[in-house]
Structure formats: structure tokens, C-alpha cells
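Read through the structures below before going on.
Both complexes below contain chain A, partnered by chain B and then by chain C.
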Partner chain A sequence: MTSSRSAVIFALALLAPALLYILAIVAYPLVDTIILSFTNAALRPTYDFVGWANYQKIFGAGNFIDVIIRTFVWTFFSVAAKMVIGTMGATLLNSAIPGQTVFRILTMPPWIVPMAIGIFMWGWMYNGQFGMISGLLQNFGLIDGPWPFLAQGNSAFWATIVTDVWIGVPMVTIYLLAAMQSIPKDLYEAAWTDGAGRLYRFRRITLPLMVPAMLTMSLLSLIATFNSFDIIWILTQGGPSNQTTTMIIDTYKTAMGSRKYGEGAARAVVICIFVSLFCIVYFRAVRKLSQGEIK
Partner chain B sequence: MSDVARTTEVAAADSPAIVKPRKRARSTKAMIDRYSWYELVGIYAGMALFLFFVLAPFIEGFLVSLKPLGLLFSTPYSFLPVNGSFDAYFTMWQSVPALGMHIFNSFFISSVVTLIVVIIVVPASYAFARFQFPGNGLMLAGFLAVNMFSGAVLLIPLFRLMRTLGLLNTYWAMIVPGAAFLIPSSIFLLRTYMMRIPKELDEAAWVDGASRLYTLRRVILPLAMPGIVVVAIMTFIGAYAQQFIFALTFNSKTEFMPLPVGLFAFFGKQEVVWNELMAASFVGILPVMIVIIFLQRYLVAGLTAGAVKQ
Partner chain C sequence: MSQLSLKRLEKSFNEAKIIKGIDLDVTEGQFVVFVGPSGCGKSTLLRMIAGLEDVTEGEISISGKVVNDLPPVERGIAMVFQSYALYPHMTVYENIAFPLRVEKLPKAELDKRVQAAAKVLQLEPRLQHRPGQLSGGQRQRVAIGRAIVRQPKIFLFDEPLSNLDAALRSEMRIELMELHKRLGSTMIYVTHDQVEAMTMADKIVVLDAGLISQVGSPLELYHRPDNLFVAGFIGSPRMNFMNGTVTSSNGTSLVIDLGTLGTLDLPRSSKIGAGQSVTVGIRPEHLKLGAGDFTLAITPRIIEHLGIHTVLYANLPAGENFIGLFEGDPKVEEAVAVEIGFALDQVHLFDQAGLAVY
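Right, the complex of A and B next:
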């Protein structure tokens, strides 16, 4: 089983199906997106190269910058909330109380059920006249009249964030819980023997050792949130008056709504550039972290 | 065999299960985990709040499915279904005639996706787990980079590709791209699992004159079965949960629509029959709910295989 030539050939043969599949369905479309972004492709079969015209157009119009800023604000609050709630959830699930397994199972549904179906339920909850949130707030006398969350730009923006957080929290929680449980118990026992309190142990043992897992989860959430499509599309389709139009929704509307493939591709390329930047920053951070640990 | 199987079990198991056999550790643990009453109240209150956030839509959705339309569209709001009934669960089959079809489609699409992913991922993971070949690390990184791009970003060329291949408005338009985005993390997961299988087993088979393919089929495959099951479950659930954008964009035929898109069409109508929509949603999520209850250990193991590594 040395790395002889036949072993290499065998390994490549094993890899071939996966490699070809990804090349055809992910890599080729990625290259095609970049090429299309320099063309005026539309519904008709032929198209011409137009240089940087698409990019000049989208950055010249001004509202694209608004969309980018909105996407970043939307993503920031969503990821931050996911991490905070996920860490709290994981800490709660990690405490040694009866009913742990049941609680853990109950955490999973938003992550497991078809995303769209969870979003339908939120759609009803946000209904101003008859939905639960507006209804309960009125019953408790916190608001005067019905509040249609998705009909006003500002509240629609936050409502879509809440739903995105809801969908992301279970995964963050379970992942961080696993990371917490992989911390050696001896550390806690040693600290406990030395008289360290629970809060102190959490701050000085749990949190520092969780940093790599939290960093990984932040990146995964960041990418998922940045690319989040279903939630906004089902709840608001980017409305009212584009207040919930993030970059991905904007791209979809340009490409699939107006059938401007070339311009849509240019918008998609900008998304890819941002996502790549996130990954570079992440890998830098991980490298720094692991170097720090070795020292 | 048992050794490998246990690794997953341990990864998934609760901490008390690990600690139990050690007597001394147990007594320390009992002491260290003793909470005062106000800590207990705090933990349970926090847990209740957390679970309410997670489960509120399901509670509301279920109550809505029980409420008659008249009550649903009346003010003031009433949380509980007064004179509720399961009527919507029967009438919905008439209101959405294709409902059964949609549920079948969801299952069918997810099953085929799972099959494709497993067939492709098993050999690829073995290659990454065992062989040194040029470009090994780079290729693995390349696979993982796929996770950076969502289907939504690549929608335009994928649409053109599906059109060129003549796959638009068929099951394949949803299956082919759906599987592509589930392959990379499955490879990573199964590779991690296969690396835990002792290399000596391969070498022993090699010394005994077994061919490489035979070793994979007869030695590795049986040992990797628990890992493959985890990958299959994760893939099925991923495929079931995420079928929206491709189905929305690449297929317009009602008879091929999976449940989420079928219900989305229903959701978009002027007069949304909410109690039936919610009832249909519940029927659609019931299968995965059952899966969670029985297989949650595997789910945790699947999700955390990467976490523990780092």
C-alpha cells in the first residue's frame, strides 16, 4: 500500500466521479458566471461581449451600494444573534439536568424540517390582523392596533432577520454543544478542586477553548446567511419597496425576473468576491490562532 | 468493527454515559454538577425561553391547523383553538389535489439525491482517507470550497446548463444540482470516519493478495457502514430540507413539484386557506420529525464529526 503509480491511478479513479460531477455542476457554472458577467446575455440564444459595461452599470446606478450595505447589516445582525443565542443554548443543553436528551431533540426541528415550511409558519405569525405576534402583543396591550410586520419596510427587515436566526440557531447550538462536550472533563474537575466557581470555570475554561469552534461556526453562518434566499423570497420577495432586498435577492430578481443574465451574473460575481474574502479572513484567523497555541 | 462503531457512539453519547463506568469520576461529577435551587430555576427558565423561540412557529402552526377559518380570521386574536377540529387535515386533499404527489416528489427527489451522493462519496472519501497522490490536499480544499457558493449564486449558468441538457421541467433539474451541493461536506465527513479505520486492515488484505477494489468492497465498506449510514441520513435530510430554489426556478410542472414549492404556489394565492396550508405543512414535516426522534444520535454524530476534529 505504498504510493506506487498503480495506487495513485486507483485513487484518482475512485475520485473521478466526484471530481467530474463537481466540475460540471459547480466549477463550470462558476466560470460561466464570470464569463457571462462580461456579456449582454439575455433570454435570446446569442450574446455579445460588452467588457465592463455590466459592472459600470450596477455600480453606477447607486442603489447597488445600498443593497450591499443592507446585505451586510442584515448578515451582521443575523450572525451575531445566531452566535449569541446558539452559545446560550449550548450552555443550557450542556448543564447536567434531567431531560437533556429531550431538550436536545426539541432544539432540532427548525434545522431538520423543510426550510420553506418553517418560513410559511413565520409568514402566518407575522400576519398583522390574525398572526400570533401581533395578536399576543395586542392581547397584552403592548401595541394598540394590528401590526403587519411584513408590510412595513423597517419591521420586515427585522422580521426576516428573526426568521433567519431561527433557522440557523439549531445548527449553531448543536455544533457548539458538541465542541463543549469535547472539552476534557479533567480541566473542570481540577478547577473545581481549586475552588473555581461555575461562572469562573465557564469564562476561563469553556469560552477560551470554544474559540476555534465559534470561529468556524461564525464563518459557516456568515456564508449561509450571506447567501440566504428562501426566507426573504417567501416572506417578502425583497419588498416592501426593496427594504429587504439583499444581494442574493437582487441577483435573482435581475436574472430570473428581468431575464438579464449578463447583469445578473455581474451581481453574482460580486457576491462570490465577498464570500471569498470572508474565507481568506477566516483562514488567516485560524492560522494565527493555531500558531498562538503552539507558542 | 465494534471499536469503530463505538467511536461514533461516544461522539454522540451524553457525557454521563462516558463517565459512568469510572467510579471515582462519578462521585466528583455528581458534586461538580450539583446546582443550587436558583441555578436550577435559571437553567430551566432559560431552557423554556430558548425552546419557546425554537418551537413557537410549530406550536402556532399546529394550533392554526386546528382552527376553523372563521375563528382564524376573527379579532381579537385567540391563541387556543376554540371548537377546533382536524377538519383541515381532510379537506386539504381536495383543496390541493396534487398534495399527495408533492409529498411523494419530495421523498423521491431526496431519495435519488441520497443514492447519487452515497455512490459518489464512498469511493472519493476512501481515496482521500488512504492514498497519497499529487494534489491531494488541494483537491480536498477545492471540494470544501464548493460550500462557499450557494445554488442561488450559480443559478444563471445552472439554468442555462439545465436548458442545454434538456433537463428543465424534469425531476433531474432538481436532483442533479441538489446532489452537487451535498457532495463536498459528505466527502469530508466520511473521510474523517474512514481515517479512523486502522490502516493495518488494508495492509493485511493487501499482503493476503486482495486487490485494492476487493479491499474496499470487502474490508472497508462493511467497517465504514455506520459512517455511510450517517452520511446517508444527513444527505437525505439536507436534500429534504433545502429543496426550494432549484425546484422554484428549474421546474414549472405541478406534477414534479416537491412539497415546499407546491405549498408555495398555494401560499401565493389571494385567499390563503391558512388552516389547510398548516395542516399540509405538518403532514409534510411529520416524516422528518419521526426521523429526528429515532436517529438524533446519528444526526449529532454527523454534524459534529467535523467539529471534534478541529
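Right, the complex of A and C next:
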């Protein structure tokens, strides 16, 4: 056996478990969902192919477009807030502040606390009668009476974003902190020697050198936020009056609530297409970055 | 008037004292090299002058003004880092222009200065390239360009050639010396490479464990080292040392017992008395094959034939390394004993404390 052939066999052997795993839990369900999206599958034991009917139906009804817009707005504000707060946090944790280690540890709890417990905690904080936030706002005279945040459409929408940001910020912070620490110290010393102040150094050195890491983190955060289910489901189940129903919640309600599997699959495929588009945009940006077209 | 003056300078990191009291004056236009082994404090000293490290004790003055508490930009210095510290996301032009952009210099003046620096450093065709597209030598020149445009009073170089290969290093060494002649600025240069120090410096500052061991011109340090450390550090291959004991001293000469190597009668009007331990030093290039004022027999362990000269490595009876450097390609063989001699006026003598005796 030639050495190159044995190298190929060895590589395939290493690849096989991961490949089988991905085929079983990603590729097969994905293909099955796409097939399902062209059927009228429901609770009945049999189903028929209906062509594009499910897609025509969901795009024909105005509420799906509303759901898409709401999802994008929800995702945009959540990702933007996570990136801004994460960048600020990473910058702070990277600077030589007293008690730096303590601050680094304090960043972690939202990430460490099991997600469901964290969300329930926020659910209680948002409670109008007993919640801390409503109580504090009343004490400061900012609201007249109890404010049930999750029972009002507008405030529920923002409340779910705040919780999503709270859970998502630690990962963004730690990832960006790691990227920031990989920037050579010499660059800052050289800039300081040349008279560049803190803000100038941040703008001209830190931020440009962080672009690749920020792009990666934005994509990861975008996909996770776009598909964020637990937070909204536990806090509002998409209510009140569908005001927090995003695409993933909508898909779940259609497929699992109304048992319209075919229509739910069509909605899931639309999510898949959007996420794929995000990835294409990301990889194009990374390619341009490596070719030096983005400065 | 001295352009840079260091007075009783000290630096501690927590309990560890790294710089232990340095006094030094550098006059305008001098090329001064700080040299010493790793950990001797030379880079720390340079960073203190740059303003990148706080001063624990003492005073740094530049052009008569104490600058201890001034930020680097107000000291009139520019520094070239060992890693070059080029901004990878900026073009060569932007890297060189960086300090001028910080200064908010008008665009026309900025462009003029960048172009002038690029011309001096032969970087004009590379101005739109990024550091990643440049060779080590070109990167080095960009880093120097960034220092030049600031028109500093003093250039500080922190081991700027240590990342280059040997051929490029000697090329860049010459370029730096030419640049110094052209600009006429004061340059302070840190290196652990004594060849760089000998070839580039007007004045060498030899540092050892946070203290100045000797200051002088390269040839002063070579011919009249103040102590064992400088004698061993300056010169390549390093000086040979032989331990001995003074057996008699009459005010004009010393008789030194070198054990199995023999007895050396050295003309020195020293107060060293009989019974004191001394170290005799002789540079490898001052040895010659055959008999001399003092002759010893050694058996070469390794021989290096370099064409222009031959280097011979051996061990003395007490185990110390002994190196001989001979012109051309003499007939010597490994493991075959050979007679080697030297002239008494080439001998260096050091007392018990390691201080030179002349």
C-alpha cells in the first residue's frame, strides 16, 4: 500500500464518525424537511405532494411577512446590542483595571446559569405585581402603577430582546476579549510612542484588527439569535397577540401547535434559506477581508 | 552639551531591581549601543528613555529638560521595535504616515515627509503594499521610516536586526550606519550581539546585571577592557582565560604560576602581592603557532577551516575552553598536540575582584 493511499484511508477513518453523525442528524432531517415542505402532511397517517402550495400559502398570507419583518427587527437589535456591549466589555476587561479578574468572573454568570433558570428569573423580574423592574420603576416614580412587561405587546418585544442580550453578551465578550488579547502589545506601544491617545488607538488599531473576529462573532450570534427559541417561548410563547412571534416560534406553532407539518416544514425551509444567505454574505466578506479589499 | 543624560537611574519591578543606578551622558549625533547578555536590563533602560517604563529612581534629561514624567511623544524620541510593530491592516504609506496623522499634520506636508522618508529608505515602489507583502528587511525599513518622519532628536532601536537572517543583518547594519551619517541624529541602539555593537557604535555601553560595566569606544573596550566581564563579552571568539597565582611581585613585574601550563613573567607595575589569585587573558587572534614570549602546548579538539582563518578549539589541563584564531589555513590537525605562543604585551591581567590590571 502506498503511503499516500494509506494517508487517505487514515483521513477517511478519522472523518467517518463525524461524517456519519452529520449525515444522521443534519443531512437526513434537512432533506426530509425539504420534501415535507412540498406535502400536506398533518396528523393523518398519509399525505400527498402539493407542489408549491405551502409556500404560496405562507407568502400569500400577510402575517408571515409580518413575522419575517419582526424576526429581522428582533434579531437586528439583539445582535447589535450584544456586539456593542460585548465589544465594550471586552475592551474594559482587556484594560489594566484594578480587580480585572473579578470583573472577568462576573461576566460569566449569564452563561453559566442554565438558560431556562435564567429566563424564568427574568420572567419574574418582568412580573408587574411582584417583579423587581416594575417595583423599581414605581419607586423612582417613572411609572404610575404595576407594569406587566410581558403582557404588553411593545414592552414584551423589548423585554425578550433584553433577556436574549443578557444571555448572549458573555460569549461575545469572551470571544472578542480573546481576539483583542491576540493583538501584539508592541502595536499599542508604537502608537503611544507616536502620541496616539486611547480612543485613537482603539479606532485605528483595535477595531480594524478586530474586524475578522467581529465578523465571525456577528455571524454566529446572528444565526443563534435568528433561531432563538427558548427565551421567547418560556417568557411569552410568542404573545401577547403574536407580538413576540418570530419565525422559529411561528414554525413551531404551525408544525407542533397546529400539527400542520407540511406548512411548518415550508416555514423552516425559509428560515434555512435566510441563514444560508447570512453565511454566504459572511464568507464573501471574509474573502474580501483576506484579499485586503476591506480596510 | 549632552543631549541625553541619565542620573542614578533605577528601575524595579515589584521587589526585583532591574536597573541598579545608571549614570550616562550621550552627546548629540552619537551612535550609542547598549550591549549585554539577555536579562542585563538593556531593553528596560531603552524603554525607560522612551517613556514606556516608569522611572523608579533617578532622572532622565533630554536636551537639558527632565522628562521623567513626560509621555513618549513629548520627549522628542522615536522608537523602532524589535518586532517592527507595523500595523498589518495599513499600507506602507499609512504606516509611515501614522505619527503624522496623530499630529494632524496638513495633508501636503504629510505627503512630503512620507515621500522623503520612502526615498531615503528606497521604499517608494512599496508604498501601497501591506507589511505582510514585504520581506524582513523592507519591514525593518518601514519601521525606520515611521521613526524618521517624526524628525526626532533621538532614535531608539530595540534589537532591530535580531529577526533577520545573517546576510540581511549585515546588509541592514551598513544601511543603518549610512542612515546615521546622512541624518546626523543621535541614535541609541540595543543589541545582545557584540559584533553589531563593535561595528556600529561610536560609544558602547556594556551592561551587566543592571549596571554599566564599561563605557567607551569599540576599540577602547577591545584593547583595554576594565574587567573580566567586558573582556569576555567584547571580541569574537571570546578571550581565553587562565587562572593563576602570583608568586612574586617586585613593582615592575609579576611572576604568575599557571600550574601545569608553566610560569609567566609579566611586566606590570602592580601592587598585587604574592599569593593572590589572578586571571590571565589572551585573545584567540593574538595567539600564533610556534613559540612566543610564552609558549604552551595544546591538543585541538575541533578545528574549523574558514579559508580566511582557522579556528582551533581545545581544553586546558584544568578543563577550561581554549580557542585559537590563526590567519589562513595552517597545518594543524585534530587530536595532534601543537605549540602555541603569544607576546606578553598582548596579555590582559585581572585581579581577584575581576578588575583589569594595566
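Note that in this section the second predicted complex is superposed on the first by the 289 of 295 C-alpha atoms of A that agree within 3 Å, B and C clash if a C-alpha of one lies under 4 Å from a C-alpha of the other, contacts with A are read in each partner's own complex, and residues count from 1 in each chain.
By definition in this document, contacts are C-beta pairs under 8 Å (C-beta built on N, C-alpha and C of every residue); 3 or more make two chains touch, one makes a residue touch a chain.
The shown structure was predicted, so the numbers you read here are calculated from the model rather than taken from an experiment.
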After lining up the shared chain so the two structures overlap, which partner does A:248 touch, if you call chain B first and chain C second: first, second, both or neither?
first
Where does A:194 make contact in the superposed view: on chain B (first), on chain C (second), on both, or on neither?
second
Of the two partner chains, chain B (first) and chain C (second), which one does A:38 touch, if any: first, second, both, or neither?
neither
Chain B versus chain C as contact partner of A:205, first or second or both or neither:
second
Taking the superposition on A as described, I'd like to know which of chain B and chain C A:184 touches: first, second, both or neither.
second
Is A:55 touching the first partner chain B, the second partner chain C, both, or neither of them?
neither
Broader residue contact with chain A after superposition on the shared chain, chain B or chain C
B
Contacts for A:11 in the overlay, against chain B (first) and chain C (second): which applies, first, second, both or neither?
first
Overlap of chain B and chain C contacts on chain A, residues 189, 192
For chain A, which residues are in contact with chain B within the complex?
1, 3, 6-8, 10-12, 14-15, 17-19, 21-22, 25-26, 28-30, 32-33, 36, 85, 88-89, 92-93, 95-97, 100-101, 103-118, 120-125, 129-132, 134-136, 138-139, 146, 166, 169-171, 174-175, 178-179, 181-182, 185, 188-189, 192, 198, 212-213, 216, 220, 223-224, 227, 229-230, 233-234, 248, 251-252, 255-256, 261, 264-265, 268, 271-272, 275-276, 279
In the complex formed with chain C, which residues of chain A make contact?
184, 186-187, 189-196, 200, 204-205, 208-209, 211, 292, 295
Chain A-facing residues of chain C, complex
50-52, 71-73, 77-79, 81-83, 85, 87-89, 98-99, 102-103, 130, 146, 150
Of all residues in chain B, those that touch chain A in their complex
11, 14-16, 19, 25, 28-29, 31-33, 35, 39-40, 43-44, 46-47, 50-51, 53-58, 60-61, 64, 72-79, 106, 119-121, 123-124, 126-128, 130-134, 139, 142-143, 145-150, 152-161, 176-177, 179-181, 183-184, 187, 199, 202-203, 206, 212-213, 216, 237, 240-245, 248-249, 259-261, 263-264, 267, 274, 277-278, 281, 284-285, 288-289, 291-293, 296, 299-300, 303-304, 306-308, 310
